[in-house]
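First chain A sits with chain B, and in the next complex the same chain sits with chain C.
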Partner chain A sequence: MDFFLQLLVNGISLGLLYALSALGFVMIFKSSSVLNLAHGELLAIGAFLFLVFSTWARLPIILAFGLTLVGTFALGFVVERLFLRPLIGENLIEVIMMTLGLGIMFRGLLLFIFGGDIHSYPDFLPKSLTIQWGAVQIPSVNVATFIIGILFLVIFGFFFKYSSQGIYMRSVADNQPAALSLGVHVRRVFALSWAIAFIVAAMSGIVLGIINGINVHELSAIGLKVFPVVILGGLDSIGGAILGGIIIGLIETFTGGYFSTALKEIIPYIVLIFILMVKPYGLFGLVEIERV
Partner chain B sequence: MESCAFQLQVVAVFILISTEFLTMENNIKLLVNNISVVYSDVIQVLKGVSLIIRAGQIVSLLGSNGAGKTTTLRAISGLLKPENGKVTEGSVEYDGKPIQNSSPEEITRKGIIQVLEGRQEFKYLTVEENLRVGTATRWGKPFKEDLELVYRYFPALQARRKSLAGYCSGGELQMLVIGRALMAHPELLLLDEPSLGLAPLLVKEIFQIIRRINQEQGTTLMVVEQNANMALQIAHYGYVMENGKVVMESTADELRENPDIKEFYLGTAASGALKSYKDVKSYKRRKRWL
Partner chain C sequence: MRKLRFHPCGNFKETYEEELAIFETDFGRLWMLIGIVLLFGVIPFVSSPYILYVLNIIGIYSIAAVGLNILTGYTGQISLGHGAFFGVGAYTAAILASKAHSPFLLSLLAAGVMTAAVGFIFGLPSSRLKHLYLLIATLAGQFIMEYVFVNWESMTGGAEGIVVMGASLFGLDLGNDRTFYFVIFAFLVLMIWIAVNLKRTRYGRAFIAIRDNDRAAEGMGIPIFRYKLLSFAISSFYAGLAGALFAYFTMSITPEPFNLWLSIEFIAMIIIGGLGSIPGSIFGTAFIVILNELLSHVTEYLMNVGASEGMAITIAPLREFVFGLAIVLFIIYEPKGIAEVWRVVRSSFRLWPFSY
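== the complex of A and B ==
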């Protein structure tokens, strides 16, 4: 029973990370229909940027964290401006190929700068974060994951639901010609969705870096788990991405706990294939509203 | 004392004359000057269209399917670009400044808002969120008062404000898209077939509200319509398009009395029975309609 609870806690916290990273992916897809194949590398970029600020520059953790936020946000704008904007209006497949190319380029750059070794952050999480609950112990890193995951999901949830800019972003995803006719700055919305994708991917990248260490290949591979997550949750649904993330996190952790760690790595993809065959629009995809 | 009064009189008369003169010259809100529009670099749709919209007026644009009415509106609002269309000749001047081929972001911020054909709501946004998108031209603020204004014109929307637009009726949606455009504080509002597919009673209500918006908000309007009867009732001036050209223009009263318009758009021919389409068409050809 204790083992079960432990796995449950681990699964949910891992799932929150997946959810966070999937949120960024879904943002881009919803606003511009682009499948971002560079998503895995976004996690890695975030994790390494934090490494630079925290370990290399030895800045206080909070400051390093804040700078990473600002840095990845700005980077999102720059990447959109330089590489994606010139392709607006081109075939979607060309844009998707561009993201593939970007991913490979990012990975190469990170390898060039940081090498292929595993780096790690200084141990900065206070021990007091650890929660002991009977025989169940929730390590500080899981507590931190919970806090970051829920904090950012709530912040972005409110942003999309209530802020004007969030509503404009959803309007572009919903009906782009109508949004244009009301003067919504569609290109700005695309840029903002890239910036947000960079930020949330960075957040999950940092936490995964704390858990597993920071390695270009590993983080990129974990980032690709966004595919099972969004396929499960429905590509165009933010709520679905969150649920999908938690479900994949749980499945993965329980498989690892009760069956084998080898199976753990591939189980999300087995789920992906299964879902695609049974319910191609995802379990929680938007219910299509049709007029008759 | 007397001379002072006389001077005042002279000044007053002078002011009167000059304002008369000025408004005659300057009340042109929008000038469409001989424009040609081409889609995808090859499909020419407008061939030398000219229009004038005077400030504070309602101008209606009539014409059969495919005449180029929507294209004309797009040429004004900048929404040709996303359709891969372009104004290749002529100019569109708004408040005296050329705006042809500007981006929709720029043009909406000058105060021209087009309400698209076919009620393009945001399905997955609530009614109130739909309305809030109308504030995009001014970074979203403020919007509370504008919401109240829209709900005053369209009380039906207030009752539905929390429900998804995708589940609203056609009539509610038409109110929604007009209300959404009002949120943007338009100076010139372009409405594309607001009566499409609505019950006659509702059409009447919508047109009354359009007239009220014109009178109370001072909004200049251009209304594209198939329902010529309704459109000419509220309009001051009207244009008729065929095949990418303006074939007739006149005050709304004159258009209502025009035998061709009666025949073709109002369905109230003087002779009683409607002539066949072919007759009408050849008759019109004689009168350089086609």
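== the complex of A and C ==
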């Protein structure tokens, strides 16, 4: 029973990590309907920027965190301006290829600068966040992950539903030419959504870095694990990303615990194929109805 | 004898047959003949073994790249699992050759059919959906196939892989690079011939209609689910055939080469070469293979210098960086790839000196 409970807790914490890393992905998809193949590298950029500020420059944690957010926000604007702005109005497939190219480029650059080793942050989270519940212990990092996840859910839920920028973003995602002709400033929407996605990815990257250590290969692999999560939850649903993350995390941990560790790595992808077959738009995704 | 055809004054077509023609002029035919004579009569006899090896690799990857271009360039779907499908072909051929001692041509064909079937299974759930769900399903396929290669030890030999006996065709030993060169490029020419003609059939036209506007295509009565699936199966067949050639060429296969990186390389090949262009697939493949060889030479050179061994290790990630940069630059500045550059260069020669 203890084994089961521990697996349950591990699964939920892993799932929260997946959920957190899926948020930035859903942001991009919701605002421009682009499948961002560079997501893992965005996580890594945020994590490494925080490493530079906190460990190498030895700034106070709060200041380093703030600088990372500002830095990634600016970087999001720059990347959008340089690489994605020229593709406005082009086919979606080219934008997706572009994210693939950007991802490889960033990974090469990060490997060149920081190498393939695992780096780690100093321990800074308050111990009071740790929850002890019988024999099961939930570390403070996971509690922090949970709080951040819920916070995102609320903030972005309201952002997309009520703010004018959020509505612009949804309109651009739905139909870019129509949005352009109705006077939506598509370029600004693009810039803003990539900048926000960079920030969200940076926060997720930092949390991932605290838990697993910061390693380019691992973070970019997590960027691909996002796909089963968002397919399960629904590609454009933030709540779905969180629930999907937790479910995938649980399935993965239980498979690892009761069956085999090799199978654990690919079980999310098997689930993905299965979901595409039975419920292609996921739990909370918007079902596209189209008549010809 | 009919009249020789040259470029007309201006760009116009008088009949539908002219629109469908592969060669606009008889010069095109002549150049193709010269090309084939060079390819089979001259190049294999003058190149050094190393060049021949590189050419063989280019030939094998080109077949797979042409297949991917049918899927991505014609039909507008992305596959992130092409590397694994290449692997399925390689393993099928290797298992048939080592366990069942099947003849060369039969195992090539079986590998292609097997891979098309596997592709069909992974394409099934995603093809009925709009948006690029195929990309996601093939990404899953990539990881699942990799797992099967490593873990189905009784068939695939696990991490140690399989040793493939040298192939023989019509009593001829295909063990060395030069004889195998002829086999590879004969298949390449055959597969290119099929791909070029596919574009002119109702299937190819349906693929292109789906790429340009799937809603309009459906409105015109094209069953897009069936055609998307067909396109994916054809593209997988190409990958499988190329994989089988690869297995016979390298004579031993392990799971490592068929990873996600290979899939990304295939995508890079067709983006850099030119989406929807058959010559482009070959240009792109040549570009990537030669870039790979150059970068590994640079690393090796730096290793040998000794003092800069540390530098060689730091320079290795630059390979990924250069790859990514090439993709990004081509998408921004020349979205139609090397094929378009080639066309511009050619037509500026043709129109000289009045190139307006």
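Definition applied: the second predicted complex is superposed on the first by the 259 of 292 C-alpha atoms of A that agree within 3 Å, B and C clash if a C-alpha of one lies under 4 Å from a C-alpha of the other, contacts with A are read in each partner's own complex, and residues count from 1 in each chain.
In the analysis below, a contact is a pair of C-beta atoms (placed from the backbone, for glycine too) under 8 Å apart; a residue touches a chain by one contact, two chains touch by 3 or more.
What you see is a predicted model; the values in this text were computed from it and never measured.
Asker: Per the contact definition in the header, classify A:L151: touching chain B only (first), chain C only (second), both, or neither.
Answerer: neither
Asker: So, A:H185: does it touch chain B (first), chain C (second), both, or neither?
Answerer: first
Asker: Touching A:M277, do we find chain B (first), chain C (second), both, or neither?
Answerer: A:M277 sits against chain C, while chain B stays out of touch.
Asker: Which partner does A:S164 contact after superposing on A: first (chain B), second (chain C), both, neither?
Answerer: first
Asker: Which partner reaches more residues of chain A, chain B or chain C?
Answerer: Greater contact footprint in residues on chain A: C.
Asker: Going by the contact rule set out at the top, does A:G103 touch chain B (first), chain C (second), both, or neither?
Answerer: The second partner, chain C, only.
Asker: Touch test for A:A74: chain B only (first), chain C only (second), both, or neither?
Answerer: neither
Asker: Quick one: classify A:D174 as touching chain B (first), chain C (second), both or neither.
Answerer: first
Asker: Would you mind listing the overlap between the chain B footprint and the chain C footprint on chain A?
Answerer: none
Asker: What residues of chain B sit close enough to touch chain A in their complex?
Answerer: Touching chain A: residues 77, 79, 82, 104-105, 108-109, 113-116, 120-125, 129-130, 132-137, 139-141, 143, 164, 166-167, 177, 180-181, 184 of chain B.
Asker: If you look only at chain A, which of its residues touch chain B in the complex?
Answerer: 163-165, 167-168, 170-171, 174-185, 286, 289, 291
Asker: In the complex, go through chain A and note every residue touching chain C.
Answerer: Spelled out, the residues of chain A in touch with chain C are 33, 35, 83, 86-87, 90-94, 96-98, 100-109, 111-112, 115-116, 224, 227-228, 231, 235, 262-263, 265-266, 269-270, 272-273, 276-277, 280, 288, 290, 292.
Asker: What residues of chain C sit close enough to touch chain A in their complex?
Answerer: Touch list, chain C to chain A: 72, 76, 78, 122, 124-126, 128-133, 135-137, 139-141, 143-144, 146-147, 150-151, 215, 218-219, 260, 264, 267-268, 271, 314, 316-328, 331-332, 335.
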